[in-house]
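In what follows, structures are represented as structure tokens.
Next come two complexes built around subunit A: one with subunit B, the other with subunit C.
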Partner chain A sequence: MQTSALDQEHDVRRILAQYKDRPGPLLEVLHAVQGAFGFIPPQAIGPIAEGLNLSRAEVHGVITFYHYFRSTPPGRHVLKLCRAESCQAMGADALAAHAEARLGVSFHESTPEGHFSLEPVYCLGLCACSPALLLDGEPHGRVTPQRLDALLEEAEAGAGGGR
Partner chain B sequence: MTTIYVPGDSGALALGAEAVSGAIGREAAARHLDVRVVRNGSRGAYWLEPLVEVEGPHGRLAYGPVGAADVPSLFDAGWLQGGAHRLALGAFESLPWFCGQQRLTFQRVGRTDPCSVTDYLANGGYAGLRRALSMDPAAIVEQVTRSGLRGRGGAAFPTGIKWKTVLGQPPGRKYVTCNADEGDSGTFSDRMLMEGDPLSLIEGMSIAGIAVGATQGYIYLRAEYPHAWRTLTRAIAAAYAAGYLGNDVLGSGRRFELEVRLGAGAYICGEETSMLESLEGRRGEVRVRPPLPAVKGLFGCPTVVNNVITLATVPLILQRGAEFYAGFGMGKSRGTLPLQLAGNIKRGGLIERAFGLTLRELLYDYGGGSASGRPIRAVQIGGPLGAYVPASQFDLPIDYEALAASGAMLGHGGIVAFDDTVDMARMARYAMHFCAVESCGKCTPCRIGSTRGVELLDHILAGRGGEHALGRLEELCELMLQGSLCGLGGMTPFPVQSALKHFREDFSAHAQH
Partner chain C sequence: MFAIDYHDHGTPAPAAAGAPVTLEIDGQAISVPAGTSLMRAAALAGIAVPKLCATDTLNAFGSCRLCLVEIEGRKGYPASCTTLAEAGMKVHTQSQNLSRLRRGVIELYVSDHPLECATCAADGHCELQSMAAQVGVTESAYAPGAVHRPLEVDRSNPYFQFDPQLCIVCSRCVRACDDIQGTFALTVQGRGFDSKIVASQAQPFLQSECVSCGACVESCPTAALSEKSLTVGRPRTHAVTTTCAYCGVGCSLTAEVGGTSDAPQVVRMVPNRTGHANHGHACVKGRFAYGYAVHPDRQLKPLIRAHITDPWQEVSWEAAIAHAAREIRRIQARYGRDAVGGITSSRCTNEETFLVQKLVRAAFGTNNVDTCARVCHSPTGYGLKSTLGESAGTQAFTSVTEADVILVIGANPTDGHPVFASQMKRRLRQGAKLIVIDPRAIGLVRSPHIEADLHLQLRPGTNVAVLNALAHVIVTEGLTREPYVAERCEQPSYQRWKAFVSEARNAPEALAEVTGVAPELVRRAARLYATGGNGAIYYGLGVTEHSQGSTAVMALANLAMATGNLGREGVGVNPLRGQNNVQGSCDMGSFPHEFSGYRHVSDPQVRGLFEQAWGVSLDPEPGLRIPNMFEAALDGTFRGMYVQGEDFVQSDPDTHHVTSAMAAMECVIVQDLFLNETAKFAHVFLPGSSFLEKDGTFTNAERRISRIRRVMPPRAGYADWEVTMLLARALGYPMDYHHPSEIMDEIARLTPTFTAVSYEKLDRLGSIQWPCNEAAPEGTPTMHVGQFVRGKGRFFTTEYVPTSERVNGRFPLILTTGRILSQYNVGAQTRRTDNVVWHAEDVLEIHPHDAEARGIADGDWVGLTSRTGETVLRAQVSERIAPGVVYTTFHFPQTQANVVTTENSDWATNCPEYKVTAVQVVRITQAEAWRTRAAQERSAARPRDAAHA
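The block that comes next holds the complex of A and B.
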């Protein structure tokens, strides 16, 4: 995910050119930038603001309003655990405590070596398969602590594609 | 050639459907069998997912829950010819859980290939749009009004009245927007519909556009639904290619364009004015009403804002007529509601029934009781801002007015069950915590009140405060309820107050330590 500053600037300009004439383009631009870099680099805020004729404060305000946008690079693998009621009714709090202990981080943090980021999420719409999570965008339901360990090991070993 | 249906629904994927699909492909190739795998939506019986259906000489037979490891034995048993197997369920539509349901909005979900226009047409699709194109706009709105359809996102506002307001605005730029920011926890019917029958939503939006004179539609989809995004995007492309979207819909000379916009993980964007702000590319802060979005909405133009289920029900109303739909239901709650049963429940999933069945029927006849085998102590209805209902009220009918009269609300129809191990004081704390995380910050009662609520409840949970603290909590709830700008701060008190009212012992239990 590491790209040079020059490449980054080039990519941001390409994204701006693609979206700037669409109605209400800022969220689309931010999605595209995060899609390209995994996060929204602080140095991209200036060019985005300039390109869309907004103030830097407006762009910063939008980035920080939405939970989905991040200003720092994520870990290689992103684990999003659902913390909402249905999952709580099926043991999500214990699963969350297990995840924190296993990874040695709290929510909103990444492991020191950058393998995993742990994020809370409030409902994935997988409530009939609680407790649920997304690991690198793939859904998993009825997850026990043992199953979570296996998923994390598979991810670490570079095995893709779920079960 | 045999057709095998393996759901591509993300709930089924969460339970291993992708691996099952792969195993079926490999096994069929190794055995030189001519098999076509269709990735359908889910039937909604999640305790049976991955649920595989084989269309063979004996009809369409179901097997489930199927693991990838079961696939060789299913072929060995001759499932392509209806062979016996321990996972065989018979015809899915004959299962008691299914055959008593009244699937109107979900008539095709789980049956058809979601993005195939051909399949959609063969199963009644686009009959509603064809009919609408032959009608006067006011007559379309009249049909929707007479059907009694109310907003399924939670507010239950009559859809036809909203459309009439937009239609009545002076001609010019107007929009149809679909609120697909299904953020209410415990709800998943929007997701299932978008993944299982996206063309019905697309058709519903096209009808809305033709009815009110809008040429552009937006679906505002939450970022937590990447699979729904892929399915919608494919379905919209298919609808364009077949001439059902674009500048000349079905050769009528009418134009309707549609695109999907992604949200970014803000619960508040499910509130309609906040959603419009977000669609315009800004922070999703709530707007003060009036003006209503129907008068001054997206980019300042008259805008229809409806939920996924509301819009996806419109084609059926146009196809079968207002009276057909209004013939279902009770009181002022007409038609059917796709209910979502989740939490600590044995058979969680989607149940579409006419309004009027009781919570008890839903929880025990359909749900089979708790997953843990312990008594169900409470259910939360209508998402994180919905009230907790105790077991003594399980004979309440599922109806907007009946639930409201008892201090609860039906919302988007999600019902989450808890067994007797739940600590309702902790659930009350969670409600305040959720509001604090998701508050847009515009008004003080919500922004500050929720944080104070968490502090107060932490105090109570730590065994300090006693009745005095509970009194303060009740005062705070009243303030948030009366003083907040929108439903987030204004309804967060519902779960807290209902927990206090029905489960006060859980709060005092902490005080005794």
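The block that comes next holds the complex of A and C.
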């Protein structure tokens, strides 16, 4: 999964060419870069700033403002647990505690071997199926700790990465 | 942290002041222009509303919630910084509820702020401390919780430090960097409790995009960002308003002074918010790089020696002055009155410059006086005087705020004139169009939020061709403003010019091969400048320092006249003057052919005036210019020279030629802060005084006369004007001034453009733009309003004549020179400050293609050879310059960039052609050996024949 620096540079340039003439292109570029690499490599900030005629500080500020944007590679699987009101009311806190214990990490962290990253998310629009989560982009509702274990095992057993 | 003598109004004055509105604040009626914030209105009424995130150099932000007020008839507690004054409002800034709210806010701030005020550099000047005292909070009301401690202090910048533990995240620094400086180097990283101010990508300031202008430091309410010169227990006792002694922007600065009354010390320098040139902004040089004044290299004792090969001998002032006077008279007795001369300095004050030329004309009895402006903006004087009638820029800097199309040619404002550049960039961010004509991709071509609409990357030496091509398009496409020209300009000259520029050979297509600029770009630039609204031209030494420097200045004036872009705000032809007082030194009669106010020495009426005032008869013939002095020295007819504050040997072109001339003289008197390169050829050295050690005035690029004020006594005992007086007295021509104000009074009496200038008025108004006389008692921000100073504007035909400096197989590249932000000219001052951390040596920028063809990698040592000399420096491979062109700066004596420049010069004024030299560049491995060999060849240099005059 590791892309070479050269490929990365090439991809960033391609993304910039695609978006730079749109109004307010920074967020779209950041989404595209994270889409391509799973995170926004710090060394991509210079080219992004240069391409959009912004300062590196501005780009860094935007990236760090949004929790969604990552500056380090994610684990092979990304688990996003909803922590908003409806899910909380339906046991999301217990589910979160279970997830942290099961994976041995806190929110915003990845497991040491890089299998899983655990992220909080605030409302997936699945309030009717609370508590809800996203695993590698796939929504799952009415998740119990047992169901979560099953999902994680399934993901681990499955070939390759999700994302 | 508070400046010690400034009262902050919280928010800026509204950009477009509306009709006055009257409201009541705490029962007090006040009228303010519509668009004024309640906070500012209160401040104007003498009521200080508590605040932390607001300051009057930045737009209101409304984040600290401390400035809440109550407005009768409205619900809630609006922030006074973001609420605008309305007629009839009744505002209360104090109430029990407001006190409670404010105390709550401060308690939260204080809960995460170390309350170690007594050991903090901001103690007594801290806005948080002051606000806490105002609302009655002395300690945190909360149980210990999460705090931002400990965090590491960033001390990477040599002048200031960032201590994030003291930071209240008010964003003033970020906003200052964005809105005032326009660099965008700071940001808030993260959000919520994790929010932290960082530079670039959370890097140390020194490694970030920061240009060290200090705007962030100035705006910080606490000591999170603070000058390293502020230390605990070193109080600032008083403030002195003075003027920066670096570039031609002439920023007004406030020196905050501490120390003892016997030995006062500048503790920090802050830009003056009421300064008319800089409006509270400064750059890394003006704000921080004043330490040279107390550098141990300062030569504080007079020196003499018989021969330049002898060691210096320290003597008393009396002995040095007597020796100098004796030598001048001896040389005059032996070789004639005109065998001596003097050089005034654009670094010294108007009064000092005036005295030196008076000394030369009245005491030496010759007009052999010239100034370093010869080598920079003499073509400006000539070109603008010929076309418009006055030897100066046409606008105030603030005019740029009304420009719609900005044309920058041969200038690099973000490096050379950074504070004005910030103003220009603000206008560009508001949407003004930008045309850059420059061989190099200067910072303005593209930097965060700034992008030139057109960059005409011409070959060095082809300015006139490009300007003719622009004129061709404007005329042949019918874009001239005929009614304007018909009313204001000389018709025959206009018709001649029109016919000339319309010739097919001046079309952009015909000149493309010469200029290297695509014709379509020229056409677009011409249309944009002529039809895009207010067109303002800004230019620098990239225009003047050419064999056709004067022609190019006239070509610019032609363009402005033909398109009606003169005589009002937002337009004009504006030279960006290099030195703090280059305008002033020219105004003061430093040129061999002119008295003060640009009046020819041959005019009997003018000369009579001076003869009467000075009690001597004056020579009606112009004297020698600097290059003529060198030629005459080599001929043996010019033997003695008084040089005040100028370092020719490093700054003037073709160093070999200059040093041979200097070595041929019998008495060279150098008056300077340091034993500079020129002092190596001197027989008498008289210690100079820095701008902190004397009173006087400087005149900046917008003709603005500003006071400098003495902060400390002259370190060597005398201010420069006093030294000139000593010399005059020893020569039997006593001058009797007790204060520079008396010299200004004499200047005013003798100079029509200065008649209403006085120190009293300068103190009252802050600064004055000349002409200042009966017709304009408070000065003249914009010139040529209604009509040109010369009556009708005159067009000159500007035939492009290629320079004789040509590239060929042996010298295939063109060298052009420039400056960098952190260093100043020959670097005598900035090299003696911590500014060297940004630029410790001159480097040669070379395009990747040219580098590759020569096997040169970034950072390699290269030899740079021209027809006149050679030098060694490091290469920097860069796409900023076009293939075929190389670029360097001239700040370091080790480099001696001017060893390679030629003695070609402007046809009208002899301004040297620094900007075009044919060179070859080779990669070398043994830099030291190469340098030694070059130096040996140099010292063996022959006194050259004087066939080039």
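Keep this in mind: the second predicted complex is superposed on the first by the 158 of 163 C-alpha atoms of A that agree within 3 Å, B and C clash if a C-alpha of one lies under 4 Å from a C-alpha of the other, contacts with A are read in each partner's own complex, and residues count from 1 in each chain.
Basically, a residue touches a chain if its C-beta (ideal position, glycine included) is under 8 Å from a C-beta of that chain, and two chains touch if they have at least 3 such contacts.
A quick note: this is a predicted structure, and the numbers were derived from the prediction, not measured.
When the two complexes are overlaid on their common chain A, residue A:A128 makes contact with subunit B while staying clear of subunit C. Using the contact criterion defined above for the overlaid structures, shared-chain residue A:F65 touches subunit B and also reaches subunit C.
When the two structures are aligned on the shared chain, A:E85 is found in touch with subunit B, with no touch to subunit C. Look at A:S55: by the touch rule set out above, it reaches subunit C but stays clear of subunit B.
Contacts of A:P25 after superposition on the shared chain: subunit B is touched, whereas subunit C is not. Of the two partners subunit B and subunit C, it is B that touches the larger number of subunit A residues.
Residue overlap on subunit A between the subunit B contacts of one complex and the subunit C contacts of the other covers 58, 61, 65.
Here subunit A touches subunit C in the complex through residues 42, 45, 49, 53-58, 60-61, 64-65, going by the rule given at the top.
Within the complex formed with subunit A, the subunit B residues making contact are 10-11, 13-16, 18-19, 46-47, 49, 68, 182-188, 190-192, 223-227, 261-267, 278-285, 299, 340-345, 348-350, 371, 380, 384, 414, 416-419, 422, 427, 430, 434, 437-438, 440. Of all the residues in subunit A, the ones that touch subunit B in their complex are 23-28, 30-31, 58, 61-62, 65-69, 84-86, 88-90, 121-130, 132, 134, 137-142, 161-163.
Interface residues of subunit C facing subunit A in the complex, by the touch rule stated above, are 183-191, 198-202, 208-209, 446-451.
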